[in-house]
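You will see chain A twice below: alongside chain B first, and alongside chain C after that.
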Partner chain A sequence: MTEKPRIVVTVNPDGTVSAETLDILGDDCLDYIAVLEDLIGGKVRDSAFTADHTRQRTFGTQQQVNRDVDPA
Partner chain B sequence: MSISLLLVPLAVAGAAAVKAASDRGADGVCHVHTRMRDVTLLADALRDTGAEVATAEERLTARWEAVEAVFTRDAEGIWGAHFTGADQARAVELVTAVDVAYGRRVQRTVLDRLRDQAPAAGLRLESETVDENAGVRLVFEVERQ
Partner chain C sequence: MTWTPPERSGPRSFWWRLGHSAWLLLPILSFGCLSAAGFCYVGIRARREAWWVSGIIYTLLANVCFFVGPELPEDSVWSTLLVVALLCTWMVSVVHAVIINAAWLRWRAAQHPWYLQPQTPAPWPVPAPSAQLPPHLQGLAPPPGHFYGGPGGPQPAAPYRSAPGFPPQPYGDPAITTPGSWLPPPYPGSPAPVPPPVPPDPVPAFGEQAGGRTLFEPIAATLDVNRAEAGEFATLPGIDADRAARIVAARIAHGGFHSVADFTAAAGLAPHEFVAIRDRLTCTPPPPQHVQDQPFGRIVDV
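The block that comes next holds the complex of A and B.
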């Protein structure tokens, strides 16, 4: 069962902000970079994909292969 | 879980945190660089440190008893201060205190923005907690993608 997608934002007392997306599949998480920049009124200084991003993308590729095969 | 981000509000300049680099001129005036951009937050932060603050056009003057600092912007819009009545160490100490207060003001401003504007972005605030470092952790549920 898939968890509801979430975004965890930590606003630090020095004014910097860290954020992490949870259960947002593959590259869909990239859509939230602009959303977060707009919400906090700032810019991303650093970013990193987590291990789950790679795993989900691999899963997505496998699905694509299956779809290519099924219609035949 | 797929991406982690570090964001810096536009009110905060540059990559590093406190940059109270300073130099002392022959006239005894000490100049201290800061990372601060927002004049309103700067004035509030100065008051938080006990300063009396006066603003005039592109200049902001702060006074702590016998110490006076005149803040002006550089070409990039970042505020720097010229101190009189304080040696270099005291000037850096004061700017560091202002920087801490400024960071808290930025934190408060960012939190207000997030609480106010997240619903319109399809994010519902699910929980809010304060960590041991005074960071505020907000968990948003994505209501629409």
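The block that comes next holds the complex of A and C.
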């Protein structure tokens, strides 16, 4: 199961701001770029996808195998 | 506090006073037995609790004296007392009613029915001067009276602005909308071209002003990543001529893009660059590739 989505915003000593989305899978993280730009009041200079972009959502499905039955 | 009598005309004339004093007939003509009706009428209308409460007390006393007195012997002391009490109650109620009537007429003359009150529109509230915004928020909040007319009258419309990151482009650019100038198939075997968009109506549409200026954000022309030329790619923000050439080369090499994500990967766009142009990109799937030399049928190993 995926955890609660988070955005970690770090203000660097040189004044730049870096942000990283956590547990936001796929292209959903792209929607937060405009949000962060509005909050910070600047334009994004560089960006890259994290591993969460290609990570698939895992669902807690369980499969029960009845081993007492002979498959033959 | 002095009260000035109203003018002798209109609703405050003699007949108006006489008509609104008609409730006095109830305590006068009924010997106080129906005083409560008149007192309650004026007391409830004028919201004076003392008026209708006293009227109920007068009515109770008068009714007791009026109905109990005849049951007693005529020459008894109690009968005489009840008759005297009835007369006193009646006289007191009439005097009280006359006193109340003066205040009642005063209150009635000061009343204006709701259906006769002039309907004056409420004045438009003048907004308080807002505090000075921080420098980084100056461009976010619209000025006062931007959407509605302020106290100084309607404000002029905001100037035309393009979206941040998008260069201002006129709607209906002939370089894009002219048929034949942007539809040559960039790779062999592409599907039939999409019909060109309808030229803009000369009559200004909703939200559009004369001269091609719109009140809302302009609708940017979309580009099909499988049909656009390098020059059209170069018009997108974040894509220069070299990157546009690499995109076209990758498209020819792969036989077309299967999705916008393929285009993004081939162009090497960063996420924030892709966000700026993703609303302007469309992808028509390329046709399936047929290998001419491959024999039709199934190969079976025996």
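The working rule: the second predicted complex is superposed on the first by the 55 of 72 C-alpha atoms of A that agree within 3 Å, B and C clash if a C-alpha of one lies under 4 Å from a C-alpha of the other, contacts with A are read in each partner's own complex, and residues count from 1 in each chain.
Keep this in mind: a contact is a pair of C-beta atoms (placed from the backbone, for glycine too) under 8 Å apart; a residue touches a chain by one contact, two chains touch by 3 or more.
Predicted, not measured: the structure shown is a model, and the values here were computed from it.
*Asks:* Once chain A of both complexes is superposed, is A:A34 in touch with chain B (first), chain C (second), both, or neither?
*Replies:* second
*Asks:* Looking at A:I7 after the superposition, I want to know if it touches chain B, chain C, both of them or none. Which is it: first, second, both, neither?
*Replies:* A:I7 sits against chain B, while chain C stays out of touch.
*Asks:* For A:T21 in the superposed arrangement: first (chain B), second (chain C), both or neither?
*Replies:* A:T21 sits against chain B, while chain C stays out of touch.
*Asks:* For chain A, which side has the bigger count of touched residues, chain B or chain C?
*Replies:* Chain A has more residues touched by B than by the other partner.
*Asks:* For chain A, which residues lie in the overlap of the chain B contacts and the chain C contacts?
*Replies:* 29-30, 33, 38, 41, 43-44, 46-49
*Asks:* Under the definition above, what is the set of chain A residues touching chain B in their complex?
*Replies:* Touch residues, chain A against chain B: 4-26, 28-33, 35-50, 52-53, 56.
*Asks:* Inside the complex, what are the residues of chain B that reach chain A?
*Replies:* Going by the criterion above, the answer is residues 1-12, 15, 17, 100, 102-104, 106-107, 109-111, 113-114, 117-118, 121, 123, 126, 131, 133-142, 145.
*Asks:* Chain C touches which residues of chain A in the complex?
*Replies:* Residues in contact with chain C: 29-30, 33-34, 38, 41, 43-44, 46-49.
*Asks:* Can you name the residues of chain C that touch chain A in the complex?
*Replies:* That would be residues 136-137, 140, 164-165, 270-275, 278 of chain C.
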